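Look for chain A in each of the two complexes below; its partner is chain B in the first and chain C in the second.
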Partner chain A sequence: MLELRKDLFADERDDNLNVVGKGVQRQDMPGHVTARTRFFDDHAFDGMLHLKVVRSPHHHARIRAIDTSAAERAPGVKRVLRGADVPVNKNTLLSLINFGKDDEPSLAVSKVSYKGEPVVAILADSEAQALAARKLVRIDYDPLPAVFDVEETLKPGAPVVNETYPGNYFEYHERFDHQKLRFGDVERGFAGADIVMEHRYQMSPIEHAPTETNGSIAAPEQNGRYVVHSCAQGLFFALGTTAKIVDVESNMLHFIGGTVGGGFGGKVDSLTEPLAVLGAMLTGRPVRFVLDREEEMLYGSPRGAERIYVKDGLMRDGRIVARHIRSYFDAGAYTRLSSYAAIKCTAHVPGPYWIPNVASDIYVSYTNRCPSTAMRGFGVTAVDFALEVQMDRLAEAASMDPMEFRILNAYRDGDMKPHRRAAKNTALVECVQVAAEKANWPLSEQAKRASSLLGGGAGDRAQIPATQLDARGQIGRPDTRSGPVTQVLPAGTSRIAPSKQPVMEGARDGRAAPTQVPRYEPQRPAAPPPPAYQPAPPPYQPGGSYSPPPAYQPASPPPAPPPPAAPAQPQHGAVRFSSVFGTRRR
Partner chain B sequence: MARHEGRGMASVNYPIGMNLGGDPSQALIHSNPDGKFTVALSAIDLGQGMKQVSRQIAAETLGVPVEDVYVDTADSDTGPHDMGSFASRGTHRMGNAIIVAAREARGVLLEAAAEELEVNAADLVTDGRGNIHVRGAPSRSITVKATAQAAQFKQGKTIAGRGIFLIPLSAVDAETGEMNPNTAFAHACLVADVAVDDETGEVEVLRMTSAYELGRVINPRMVEQQLVGGAWMGISHALYETPEPYYPNPEHGPRDFNEYLMPGPGDIAPYHVTVLERPAPDGPFGGKGPGEMCANPVLPAIANAVYNAVGVRVDELPITPEKILRAIRANGGVKPGPRRGGPVNWR
Partner chain C sequence: MAKLPIQFRLNGSDRATFVDPASNLLDTLRRGLGDFGPKYGCGQGTCGVCTVLVDGEPQLACLTLAVSCEGRQIETASGMADGPHLHPLQDAFMDHFAAQCGFCTPGMLTAARALLAKNPQPSREEVVEAISGNICRCTGYEPIIAAILAAASGTSVRRA
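Up next, the complex of A and B:
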């Protein structure tokens, strides 16, 4: 059941739109419900081969020898692939954006680092023949000690999971074994707090469990090109990754996809495309490589586990004065995207609250399990679980109602966040108020009057505080994980340039280039607006009369003439244009 | 032995688009000779509604009926580069690229119409129903179809546009973590009502009530689909799912849907969502993105509700009956918390 509260933030919107905001039927829905939609696996080819991989039965082992001779002679087998057949047999997904070192082979060569790691690929006329031949591959393993715990793996003497990162952690900035966040002085905050509490939280891995398992079909096209029917969540991401691994120019690959049977983050790893294309290149035949359900469950890269320690300093009146977070992402055996998630998590700390002293240390740990990957809420879901359970504990410790406690500590427009950027466009307070009202959870009059527009950015809340820096956790030196403060950064220090204006470009061909997007930039009333909270919600109103976008300007300089004001809702300002970051609301 | 009801809540925010930026999206739009538009993308529709969001944003900006816009995605030969469908980025990033492309195409459309009507293009408006007319003079009009035919066969104009949206990549400071992570954030608060059986340890989610602030809602039905489906995924994540039930022990991995625990139809809770719209300054028509955050508040809200019901904290997900029973035993029995509020204000 969905209800729209059009009364809230109404002065910030122009609701006079034609089709945006309307619940019109999806273009693809009739195809979905009549089974006419074509997914990647609905593209069978004549003479198509089926690819199956032989996976490691060990969590961690050296490969002494691989004997594929019996498999090669098996009925229907057209080709057997080993690591040496892969042109670029080491990759890391984020090399496409220049982040991290290549650490993961397509087919393991000298050792396996997780149970299920692909070692050999078999291409046969039928799926059954490929599966039968899979059993004929003989691989001689020498098992190695394995490590599964995100903290154990960081201790000196732990088995090395991933030779590219011999300390079993992702290396940040070529300096540290974790990503730091430092804002103010958390130790002083804890020392001055009435209550200090620390708790440990753990999120286990979970499966994406898409209806359509990972897979792709690759086939030779004309002129030496290959067409690839793919379920990738990023079409060019998969194309770029495949082009790198099979070592061809990107225009030799023609990727078709865009209609995917569920992803949730589990289809960004290009698990099948590179080997399918390589198989098609080496056999000249179309190749289908699709994970079965068991492979998808066990080896289709889950959401990784995270272990999170949250330490808070709390005053008896309910204000949180210091928060420290130490967290470990379980990447599994290879990096994939965990390195990115740890930075996203760093940006998310300390949650949607204003706290004057905040620090975090986020580690990406390698363990001998299937590499984990993105999943819905990547970098945020687990820490939100930890933070919000902790908030419940803190509210109880302060003898406060949990809703009131959230509103008291909520960030508001203008508050400085620990990554040193001011919050804007916030709405946590209003969400709490509306949820409380619908759930019939009583709030005090003071909490009902609170607003995201009021009280933020005042005094200390807008300032970057003097900040304690340290050199803890240097790469290759676990002995440095504890250490003194090395420097105090003065208040107001910023070292990273603010984001440039987003690049938006229309045409360069002499025709006037509309370089700015429409945006809704209401004029603020001179006086602060009344509290946005209103107890009685009006029913869902599906928009007013239509006002067209401003007319196109054939010559650039003159400003766009304002469109006629919508008579039905005169309180809404006209559509305005300005640079995306050029104008501030407050 | 008894069932104990409890109530818990959580509030969260969520960043829209890839952290640090650096994730461009491109769009190409062109009209056929009858004034029907194709939007060519390489965006991915995973079921979340990327095609329809793109279509509505294109139609709104072009000023034509939504039925006259078709979204063609994804073919790397015809759709220009897009980073992909993840990080709640589809609506925000691609929506902006489509607006830029659609405004350019609309500009040519109005120029062509102006030539036919012998007026200044700046004086023309669209009615969203397939007509272009002089502002304030609806009788001086031409259809989009006739305009497109004139542009194609008389004037030699391409009614087409291209657009890109990019937030340039931010650096991250090694020592302080300073960065420009994102430009838009969505918000939510969720209340979960649960019943905990102190004999079996089972948790039943009775109902959930939430408020989400998502910027402009592009299509309320698709928002509902995302938020409700995502909340059920959250129930599943909180109470049932994991391929490693004794993590970090890697054994006991499930192999299929028989062994991997997920909620069945009987475990699905009634759910009421209220949506607030505080437009994102740089969002398409103010849109943000509900794609990922919809499961996030469910997990802690259920954990907090379990605590309110029986007085035990389960800090390791999933919150299984085994963990609850062990915690109740360790806690010396059930210790219910204070009752919070009355019956919900919705049916």
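Up next, the complex of A and C:
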């Protein structure tokens, strides 16, 4: 039962709650109980064609030849599509926000990189005819060695899964094999700790298994446009993706959706819309492309499996003084949204705890598995599983009650987080207190008196600590950290000198002025002249006594002179996360 | 392939159509007759979103040959309401928040309707058993069970 604890944060609370705590009927409920709700497949079209794809039976193989002649002559078949028929046969979902390189074909052309990858699409008068013709397509494969492990794939000599990323890793900031975070000095933290503990955690891929499988129906409209009934969770995301792949202006497409028969993240990949629209354009007929249950389970993208190593430095009194997280996110064969998951993971590290020295290295690895995608907190859920198991182990090592251990280490309001944002509206302390109370779990008087409002945001807890840099003035790759530290990013500095060429443009929250938001262009244009760097407006001003770090100043003060003519340095740190990935709560 | 004529009563109205001998009742209802209440979820009889009543018995439309329904009474969730008046189960589902995405709801309502027709005062275990063939991925089932029990205790169930 819902219980509102108005005693907590009473002075922060606007008690003018009109809806929370009351039963309010949802506007879509009458449709659901009367079966009047129209899902994407609940639309009738005369002369509708059914689209089925031929999928790769190999995890990794070169395509030598494709023969569709028998399928084209099969009864009821109106059209057979191959990669060459797709106007823009390479895409990555987040290209809509200029993040990452196009790496995934709609229909594979020269090789397949996972079992189940679509190669040929068949459009026929009936589903049965499309399925029968599917068996007549002859594809000559030359199987290649495949790699399925997130760490094996990064080793030298591993098979190249995805030619767009020949190192088998997503290239962060277009040059790095992982997304890095540095805050303070974890090595010094470990050196000074009473106990150092490291464990390995492994998640499995998870299929969303919505009761409604992925699908869409596209049909020519009377005004020359195409109507698309879609199950997409992000309707405009699917619209933009489809417009790009079929190479039409987005106002040619009329997407109708919003009723999703269960999504949970598995309906953001635009798995069916582009080919359905392309089929409708090429045949002039309505086209229905729906995954059957077997396809949904085997080839609908799952939650990405993650392997996570957590290393902690612990004091006997229960304080965690250093945490290093190394995580490998299994993207499968193509990027989809895994690149974003790793960014979320980085911003979440080290969990809801204040730790003075934090480092993380998050890799997105390509393997010959089905591409993974969003699922309920992806990027955060798995690392939380690892961190909370680790917290129990640490509590045991410190001989502390696990509830009290969490209260001791929890963020308080105003604490500086490793990605250089002050914690606001923290409530872990209160959550643990209430959970303990509900479970009749005894807490000490001290733990009961703890509050998210007390003890945070002061002294070291509010400061960005001095952060170590390597010889190149970067925050350090593992292979360059063996030598002595040559530079220190001074305390209070939010980030190091920016790249001359912003890697990602198009800020969404208006804080960092977008230099350009180009439409998709099939060939990457020659690099435009680097726009002069405009320091971002100062970060938001949190309330309370916390004073924000000084705004970025182009000329960093020494401790050491910047290395002469160093390669363009990338931006690191907080500005990247929020400028690309949406707005913060105010 | 030659099509066969079939005729049955659908939600109280006489309907007739032509079907392929191999077509299932689900496709016939959805694509042939335009009743989109029963859904396709698996096509293998495991998820229950296509549940309909054939002569009052819950059946999986995806596994029922259309030609086997000649002369039968077919009832779907689309015909549960009495004009503008909702069936007590529909009211209870609304009141108990027993649907989220709504995709399993027609099948779930139909399974519950078959239960209450036979057993107007079911125990919780009997409700659980009755909807055990219907998969819901959103609610966790508890609100659905509560709604069915509430409908049973509140009002007697009308037969269509």
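To be clear about the criterion, the second predicted complex is superposed on the first by the 473 of 586 C-alpha atoms of A that agree within 3 Å, B and C clash if a C-alpha of one lies under 4 Å from a C-alpha of the other, contacts with A are read in each partner's own complex, and residues count from 1 in each chain.
As a convention for this text, a residue touches a chain if its C-beta (ideal position, glycine included) is under 8 Å from a C-beta of that chain, and two chains touch if they have at least 3 such contacts.
No experiment lies behind these values; they were computed from the predicted model shown.
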{"item": "Chain B versus chain C as contact partner of A:Asp41, first or second or both or neither", "value": "second"}
{"item": "Partner chain(s) touched by A:Val488 [first = chain B, second = chain C, both, neither]", "value": "neither"}
{"item": "Touching partner for A:Ala435 - first (chain B), second (chain C), both, neither", "value": "first"}
{"item": "Which of chain B and chain C A:Val33 touches, first, second, both or neither", "value": "second"}
{"item": "Which of chain B and chain C A:Gly21 touches, first, second, both or neither", "value": "first"}
{"item": "Per-residue touch tally on chain A - higher for chain B or for chain C", "value": "B"}
{"item": "Which of chain B and chain C A:Ala466 touches, first, second, both or neither", "value": "neither"}
{"item": "Partner chain(s) touched by A:Gly261 [first = chain B, second = chain C, both, neither]", "value": "both"}
{"item": "Which of chain B and chain C A:Ala209 touches, first, second, both or neither", "value": "both"}
{"item": "Chain B and chain C contact sites that coincide on chain A, given as residue numbers", "value": "26, 28, 209, 259-264, 293"}
{"item": "Of all residues in chain A, those that touch chain C in their complex", "value": "25-26, 28-39, 41-42, 44, 128, 208-213, 259-264, 290, 292-293"}
{"item": "List of chain C residues in touch with chain A within their complex", "value": "22, 30-31, 34, 36-37, 39-44, 47, 49, 76-78, 80-81, 86, 90, 93-94, 97, 99, 101-106, 109, 135-138"}
